[in-house]
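Structure record follows, encoded as structure tokens.
Going by the order they are written in, the chains are A, B, C and D; count residues from 1 in each one.
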């Protein structure tokens, strides 16, 4: 019997939702177990780093890493798995584009740590204890992972072959990706494994969007009653659907929430946020600067809105005046 | 119309082309409008057009060797009409004038005295500085003096020397005190601490004197808390707005006439006593041509019931100077010795030709100048010179 | 003048690089006409021609910064005068929002400028370019490519670890 | 990223032009050549004295053939000047012309910078950008748009008349639209013309009649263009035809109605005579008016004001042509080309209060004097002042409102000569003493200076000095004269000349509505408000909008010979287009990548030309190539990057950015 292809899974800076999504495969998980040999999946089974080190270079068929890279340890693991694997897959929005963790790129590391370890109202830390890179105890010295200044997407630190988008990827996306990979009929390197058309294509509300939409104001979803049938943009709610890859089957829209862009841009767009900004701003219904500003001020946090999942992979990557 | 202060600050004849204002001189087309419009152009060996050409040919010294520039009364007429927009009065002519005064063996005595007086007593007449606020006692309406009552105030009224000392000037002061009180304006004066704003010194290009007065007034003004300055003297307005600024003074300064415009409706409702006069208004050079206030004085006059406004041939931008500016106030004897006709005499003939009963003015220099000219013309009983504020006060029943 | 002066040692005073997107009908033509009139201005500007300021994709602007521009200037027709009726308004709306965005990224809003310069305003090209060059000079280099290189260093070595070893 | 085609076999040829010394004196051409030769895919890098010359173009063609070049970059002047030249050269050598890219090294580099080092650095950056960019160029086809053979001429002055007649004589159908009730424009108001002193009416009237009678000309007077749509070859124009309250087909021009009007005398401002005479509510502008149709002015006609007129005009009109119920009509026409000949207006001298126009009755504008001198004018050619007396001394003031920062900065070109002409005519008719006050006398042109000298010989006085003041003479024995005060700058004395009459030689300025007209036709104005020609020397009648041409003073002040010459040139340009039958336009249109479009409809409201529609069957956006004008706004706004603009593709611009910023170079430096 031929050996089953080896698959590794690992998480970096992530919430765990991506791991959960594998379990969401439900009965389709049997298809996975049947066809592959999971040789490394720390979140679910007891594997050690040394287990991976034992493999020959390229011996693992596929490594799927979820989560962004923001510490020296995550970087080392990404490098190790890259070395041992034939195919490296960035799994989920964080690994694909930096994801929610990369919103940290709007701030300095120091600022974040000050808040987390001292300033947050729920924190009591009278000794000002902070994470240390070196632990000395009983004459031993242990080197601990260092948190980076900048949060990165996987392909910003190692070579990545494919991307499975989503926060998290849907079971359908994952299954299709696995089928494709196992078929041996591989798409070109660098492909994002979901349709290269924007979400409107599969949006159930597509027909309700008018062809002459102009924005007179922008509303925020938690402050208004949302019409469950009408295109969000037509309601003045920011929906990233026109700028975001489809493949998610418009799940958020089904839940009466606008698209926030987790699948990332299409291959023809370099900067997800800038492109969406361009389309939204172009249709603002005002001609003078004060009027334009008044309408656009309805988007209080443009960076957090347009780059929610992709700050690391945006053109500018991060805040720059450090 | 008005030159950029930053640009002309500290500029000299040598550096004049380094400023964009100065560069305009290079664009002169020698059309002669400046000379044609200059009220003393006929008497200058080197009138403005020639000065520019001399300057361009490196012959400016020859100009300042003559007394041509002493005859400039700073009326801004050449500047207002120049098709190239050259800031003659503000930039070029003052520099030549400065050189002229430096080179003159002796200043005309009357001017010399006025400058000395200004230096010693803080007013060109040589009156005692301690009597500057004496007029206040003659005012029916209260006038707060800051040195006695130094609390914060909205309007600091800069009275200036002619209104403070000269009897007809004091009439305007009382009128202003009445108007301010009736309009319920929070105001005060510096009183005896005030000294001449120094514009006469500046325009005669006695820079040292001007600087002494500016330094003094800025330090006094610095003692008190106020929002704005109002003055009835357009020359003081110019001094504050264009010269004091260069020395770091920042508060807004208004001439009384434009200052009253926002109170127009309230003021008009108080003008109940009809004054059945025919009035002609003389545009002051500083207020009109230099600062562009042509409509405001006419609007205030028209607000007075009964008044019929008639215009002289030369009015608004084309008005003829009374001859008092640029030190002209103290050069009448000198001009006479040169067989020059007094500009106030020329002006008064036009005023008389309108048949008006009253010659309305907005500058304290004009009252004595025109009253004297009326006397010379034998017309003193037929026409009266009055400041606009006096007419407003007259129409305002107590 | 703002000419790029090189002294004898071959060392140069830092000169900002400004990428300009000029619309074909107004500002690009005005820049041509500045040439015909031999109007001199700072040489720091690199003009990229587009048909309309409405074609200026915010991606171009961000990319210019990321690739080393110290400033980005957009030139279009005056409001109401767009050769394509309203492309310039679309540009203005994007510009207003984009300026907030770059500010959040720590790029001074003054580094991005939008100017309406009609075909007849050749001298305005000089004024705007010189003003912008001076403004950007005062801000100093943006130098994003260099900053990215600097940031990459944390990937390869652990600065904190090395500090401790020095003790 | 989208696949950019096969880049492997790209062979770029780079050429830089010295332009004599225009480029080479500032840009180190050799250094640029050397630099370009080292860039990837560059096969050959050369310089040449004049790239646009035949040998220059042949150089490119030879290289294309011998070295197998498939991309060409030329660094020379502005693409506005020679992009076409080099595209043609490339295509003649068998290369698709859009594989060409031009670098603006002259207008935007060598002419605007002084430092050779910085200029060369800039040239290198822009050359790098062009070479990076040209890699992504695609072979494109130029679109041909058919030209509708009809022409619209806007404005019926001498410029419009001449252009219309030229076109009509060449067999083209012309619509001539004039705002006033008669064609003729300003020229019809003049008495005689300089320097030949032939009578304006004698030379103009036959042309006006020819317009009226020409079978190819549709003449719409008392009409205004109110809307223009479309583009070269296919303009759709809306014209408002104001009601004359006269049935044009019935009126025979007998003028009996004017005679019969209840007003026995003229009572109202006569526009054609500038108010120097009065007209009735029913009138013709002037006796030679074309068309000779009366007009009823509803503002002054009793029938319109009260509805209670005896209507004596209607009684007397045999053909029953008077129709008080007439309404304005909107005509819609299609034309292929448009000639704008909207003319000028004269400067309003009230803006210079010290010249006393409007205050002193004996201050006239030159145009008013033209009417006074004209035999069909308000005084039948008698030069008399408003009080009926004949002036014995006259001052003519040149440059009124011209060459002045406070008013109009330009020299109006015609005032010197018309002032000299008026001086002659006034002297001839009145024997008055004539003083011309001038700043400079400008009499260029054939026979013009000779004319000036002749007039000097006639004894007309010329005083060099701009008048500073005009005021009534109040000296003893006051005589109602006006004193004109100026410095005689040549003598160096101030002079005060008492005269009976002052003539203000007012300058020419753009019409008050020039900006609105400009917007309507989508052409450009200078800051002064004159319409801008495409190139001051090489395309003097073209505008930046294809198919729209300029003639006459709307483009800048000019005299009658120049106006007629320009009108002829504009007509010739229109004829060229019409007879070619089509125009090739830039293929810079946008198209939707249909497979990639999500149908989000974001682009649809952004197109001002409604070129984008939503295909309901496919649920995708679609761009109608014929309607697309190629601005690229939708391309920039497409949130999924599914619209592409030819010639301005994203990758082309991104590669230019990388090129100008020398991006990789910076990385190496760090």
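The working rule: a residue touches a chain if its C-beta (ideal position, glycine included) is under 8 Å from a C-beta of that chain, and two chains touch if they have at least 3 such contacts.
Here the structure is a predicted model, which is why all the values come from computation and not from measurement.
**Student:** Mind naming the chain pair that shares the most C-beta pairs in contact?
**Tutor:** Greatest count of contact pairs is found between chains C-D.
**Student:** When the centre of a chain is set as the mean of its C-alpha atoms, what distance in Å lies between chain C and chain D?
**Tutor:** 34
**Student:** In angstrom, rounded to a whole number, how far apart do the mean CA points of chain A and chain B lie?
**Tutor:** Taking the average C-alpha coordinate of chain A and of chain B, the gap between them is 74 Å.
**Student:** What is the distance in Å between the mean C-alpha positions of chain B and chain D?
**Tutor:** Chain B and chain D have C-alpha centres separated by 48 Å.
**Student:** Could you grab the centroid distance between chain A and chain D? Build each centroid from C-alpha atoms only and quote it in angstrom.
**Tutor:** Using C-alpha averages as centres, the distance is 57 Å.
**Student:** Could you list the positions in chain B whose residues touch two or more of the other chains?
**Tutor:** none
**Student:** Can you pull out the residues of chain A that are in contact with at least two other chains?
**Tutor:** 269-270, 275, 278, 282
**Student:** Name the residues of chain C that each touch 2 or more other chains.
**Tutor:** Residues 54, 57-59, 63, 90, 94 of chain C touch two or more partner chains.
**Student:** Strictly by the criterion at the top, what is the full list of touching chain pairs?
**Tutor:** Listed by label, chains in contact pair as A-C, A-D, B-D, C-D.
**Student:** Show which residues of chain A lie in contact with chain D when the two form their complex.
**Tutor:** Contacts found on chain A: 196-201, 206, 209-214, 241-243, 246, 265-270, 275-276, 278-279, 282-283.
**Student:** Within their complex, state which residues of chain C touch chain A.
**Tutor:** Per the stated touch rule, the residues are 54, 57-59, 61-63, 65-66, 79, 89-90, 92-94, 96-98, 100-102, 104-107, 142, 144, 147-148, 151, 154-155, 158, 160-161, 164.
**Student:** Going by the contact rule set out above, which residues of chain D touch chain C in the complex?
**Tutor:** Chain D reaches chain C through residues 78-80, 104, 106-109, 111-115, 117-119, 121-122, 125-126, 129, 519, 522, 524-527, 532, 536, 544-545, 588, 606, 608, 629-633, 635-637, 645, 648, 650, 653-654, 656-658, 660-663, 666-667, 670.
**Student:** Spell out the part of chain D that touches chain A in their complex, as residue ranges.
**Tutor:** 1-2, 593, 595-606, 614, 619, 633, 636-642, 650, 654
**Student:** Mind listing the chain D positions that touch chain B in their complex?
**Tutor:** Per the stated touch rule, the residues are 353-354, 399, 403-406, 439-440, 464-469, 471-472, 474, 485-489, 492, 494.
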